[in-house]
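Look for chain A in each of the two complexes below; its partner is chain B in the first and chain C in the second.
== the complex of A and B ==
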């Protein structure tokens, strides 16, 4: 693909180009054209080659969906496994008992921990220090990077203990698990969880001293909510201000649309109310009161109020959520007495079902239509990065407008950092960044 | 020559989920030591720093699905002394190779309202279908231990110890009860290359073949066993063989035969 769809303005133009956005999962590009100190055009373009998952799922058994959709993303496979499983269970009328739900929450906490720590410490933190990567942080502060790696490993160990392996776990299925995870194997992780809580607090304290770029936005936050626990797989979809939408009503209110400059579909509310935010800040803003006391105290120490409006602080929110997830891990492991049955019985029938869970990067929505034989007639998946794309463009516009006097190289880096606020998973939304800024 | 330069490692991505390159970052206990021995010259998922080629070792993830990527993988090959394909996408086209035997227009229309906005090939193919590959690491995802083994072997200039026997061997070595014999659960273990650590049978689940066909796999005979002794339908046999290594010739051919379709020449061509 080329930039031929982008109109190049007349007159001498100043051009800034990023050929490859680093420290994100995937391939993308940014084009900005500035004239008379005004942004005339701005496009965040994703050109990850399409893999057609929704098409490939047609004709496959309902039971194949969790494992196949997991391959959309190697960083958040559990999000896909759980979203697809929930949707199938809704379509087939399967009741999942409490103990299985808790064990699913436990493996999901493992995914949040590994994904959040990877992003906050290894992919995002270098930007605030003006460094190329976490290895450069390691040269200056090896203890910080060693702690982050050890914490990330704990997340992976949880996933592997429950799921058989950390990337693309195999022990999960529609209805629950193939085999009940071992009580003993989980209990031995408890001392490490205790260490992890302290380490996550230390990392948060260190990150809270960063110099955060001056930019705020009054986000429309869309996340799960309307439930007692800090949501991972529970509740309805809520919009800032408290409106709750049941999962099967979501597609009545939101739609996907395609733009010429991206292989990722974008999402928007049908009422024309504009971009919205999903992910850690949206979850946090909608559910602050549901965080554990320890997580809320850590947030306050880091200078965060109950509503976060500076997207650069998403890195702090990720660490707050990591603390909450670690406490959940401790609670679930301490209460675990084995599963009454590894999975709930599943009977095949025709039906339609929706599932939506909080991937580390935000709500990931699935809907499937099944035939009488349990084979998939139609599949729809809305990953978080597709939903965030219009908001990423809006943030970029705001950040560029505020910093037009910056030197090209600095502005380019700030734009990259703005995109990395979202921890965009471009593999998910379809994947890398090329930035072009043209200005007179 | 004085002053031994550290070998330069590059990581390249084509159509994939990023899970195999993530496996490199998942080597938490070894990562800082590896970086002591190797210079990470190009690894977009982890660093902004880009050192131009040539590279001593390139790890290549993902499959080839666009004309642009055919050109790109050729450039990667030209810049790399040793090229290692990592994961099912790079070694067999990945789950997206299901498109090779499907109607691509219908697939595109099922996902995008305006498929004309982008260009894609009708096939998803392995790296070795386009350039010479020096070593393949199987798996969906690859195994962390095998990745460390292949990098260590390179550094000490020895042959990597990567087995090409079947999953069954791994189950026997681990003392895992055979799920097919004990529970009648269909399992691709007999025809699948070892290396994952027999994760599925350890969870009392049949192997789903994510490490791809072992050398000289008798996939046809196992398909007869599925249908004759375990009562699977042709469709079920097809789906088993055609998932994460859908494009691997040994699995593709037997999978298609199970639903009465022949591997036509185009498929044979793309799946080699």
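== the complex of A and C ==
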């Protein structure tokens, strides 16, 4: 990190620079220039090299997409597996039975639990305690860290039990699973799930006592919704609780675009209505009534209403969602009687399909065009961090404007904390860069 | 590809029943040049009958991996600025491990952080010996560089001798 005051003609300019953000996945940087108490320039820069996943998929079989796109991220592989599988199933007209959908929801809950708890307790909580990292939290509150690691392990164990391994599961495919997960192996996890519910509530109660920075924003919340369950892989895309957009209409309304300062594409609504928010707060605001009673009660105890406008409280929302996910885990395991068949039959044909699921960090959208032989002709993936980038910059602008009197070091800390509110997965976001070669 | 592509918990050897809860952990990514150093040392030791696990280096699961083990050896590539192929040695029971030389991108919670967090939580094995091999090239798909390949062989021999001394003749 570096920080400098520079003077150029026209008065002193204050520069806040964070060259390498800590406690986020991937490599990003922040640059803010303030002159005469006005922000002149603000950029959330992503400089990790692009990885060209969409290009890589072209020409490959439909069945390769879940496993290849899962490699976009080691933290949320299930999000990519499920988004790609749903899109392929839509393109090929595959009808996935209810029991397979439930088992998919279960492995996805495992991913939410491990991702949310890692971020909330180990990466985000230090910000609120004035601590540099999880090591200092372990020294200050070893019991909290032990509980968080045990909860994270429960999430990983769920993923490994269903998926064959915790990172990049191998038991999933278009249509369902290679092998039905064992009833017994899942049932032995139930006592740990019971413990986990209490532990997640304890963590939420502890975190609710943090001193949250004073900043609110009237977010345009984009998430899945318009469904009976708290959405993970269900429903349409909804905008701030109102309008519902079917998945295959999403790209008519939203688009990706390039900015010079980021290797990751940004996203925006085509109507010019500005940045929007995806992720825990967007899901929560759009679907509060669909949370379990226990999760809603826990939210109220933590001081959260049905609409959250302070992005720093995403930490609390993650723990509320963890409680809900643990209850879902218990419900699904208790009702599990094995799968009638491990997967639905898949017949190859030409088609176009969209899939969208709620990665821990927000909606992850996939769209594929398949040829008659089942090979991918065109692929498009919009991960959550791409969509959140303009809103991250908007939040940073608001936070800096509100705290211009703060010392540089403190303001820098607050800016980093603002970015970490999003638990941004930078590696996921820079999967694609448009490349034009002109030849004479 | 990321380090996690390599099966994180794939057992590549077997415990010959030494009586010690001994485990060798090779940390790294086989597909990123010299980052393969840890897995390659592990592979050489698995071939000699030691119980070895290959791991991508994510801190929380590393701690889980060595819990319940009394004697653990961990090998990873380092990026400290030393000459390529340089072997460094830490006895984690006796000294703290410097953060920043064992690189891993995911959330900055890596080998060194896992060791120091485990120390604070009283989750360290009785013996945790950490070996690093200084790498030079980290490109996707690149082979390990010559100095690192030589160091892999030297270190595998050194660790085998060390563990034989721990457990007696095998």
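Everything that follows uses one rule, which is that the second predicted complex is superposed on the first by the 417 of 440 C-alpha atoms of A that agree within 3 Å, B and C clash if a C-alpha of one lies under 4 Å from a C-alpha of the other, contacts with A are read in each partner's own complex, and residues count from 1 in each chain.
By our rule, a residue touches a chain if its C-beta (ideal position, glycine included) is under 8 Å from a C-beta of that chain, and two chains touch if they have at least 3 such contacts.
Computed from a prediction, not measured in an experiment: that's the story for all the values here.
Colleague: State whether chain B and chain C clash or fit side by side on chain A once the two structures are superposed.
Modeller: Overlaying the two complexes on chain A (C-alpha atoms) leaves chain C and chain B clashing.
Colleague: Who does A:149 touch here: chain B (first), chain C (second), both, or neither?
Modeller: In the superposition, A:149 contacts both chain B and chain C.
Colleague: So, A:253: does it touch chain B (first), chain C (second), both, or neither?
Modeller: A:253 sits against neither chain B nor chain C.
Colleague: Looking at chain A, does chain B or chain C touch a larger number of its residues?
Modeller: Touching more residues of chain A than the other partner does is B.
Colleague: For A:35, is the partner it touches chain B (first), chain C (second), both, or none of the two (neither)?
Modeller: In the superposition, A:35 touches no partner, neither chain B nor chain C.
Colleague: Answer with first, second, both or neither: which of chain B and chain C does A:167 touch in the superposed model?
Modeller: In the superposition, A:167 touches chain B and chain C alike.
Colleague: Quick one: classify A:179 as touching chain B (first), chain C (second), both or neither.
Modeller: In the superposed model, A:179 contacts chain B only, not chain C.
Colleague: Scan A:64 for contacts with chain B and chain C and give back first, second, both or neither.
Modeller: After superposing on A, A:64 lies in contact with chain B but is clear of chain C.
Colleague: Considering each complex separately, which residues of chain A are in contact with chain B in the first and with chain C in the second?
Modeller: On chain A, the residues that contact chain B in one structure and chain C in the other are 22-27, 71, 74-75, 118, 122-123, 133-135, 138, 142, 145-146, 149, 152-153, 156, 165-168, 427.
Colleague: Quick one: which bits of chain A touch chain B in the complex? Just the residue numbers, please.
Modeller: Against chain B, chain A makes touches at 1, 20-27, 47-56, 58, 60-61, 64, 67-68, 71-75, 77, 118, 122-123, 126, 132-135, 138, 142, 145-146, 149-150, 152-153, 156, 164-168, 170-171, 177-179, 257-260, 263, 265, 378, 416, 427, 431-432.
Colleague: In the complex formed with chain C, which residues of chain A make contact?
Modeller: It comes out as residues 22-27, 71, 74-75, 118, 122-123, 133-135, 138-139, 142, 145-146, 149, 152-153, 156, 165-168, 427.
Colleague: Show which residues of chain B lie in contact with chain A when the two form their complex.
Modeller: That would be residues 13-20, 22-23, 25-26, 28-29, 31-32, 35, 40, 44-50, 65-66, 68-69, 94-96, 98-99, 102, 106-114, 117-120, 124, 140-141, 196-197, 199-200, 202-205, 208, 210, 239, 243-244 of chain B.
Colleague: Spell out the residues on chain C that touch chain A in their complex, using ranges where they run on.
Modeller: Interface residues on the chain C side: 1-5, 7-9, 56, 58, 60-61, 63-64, 105-109, 113, 116-117, 120-122.
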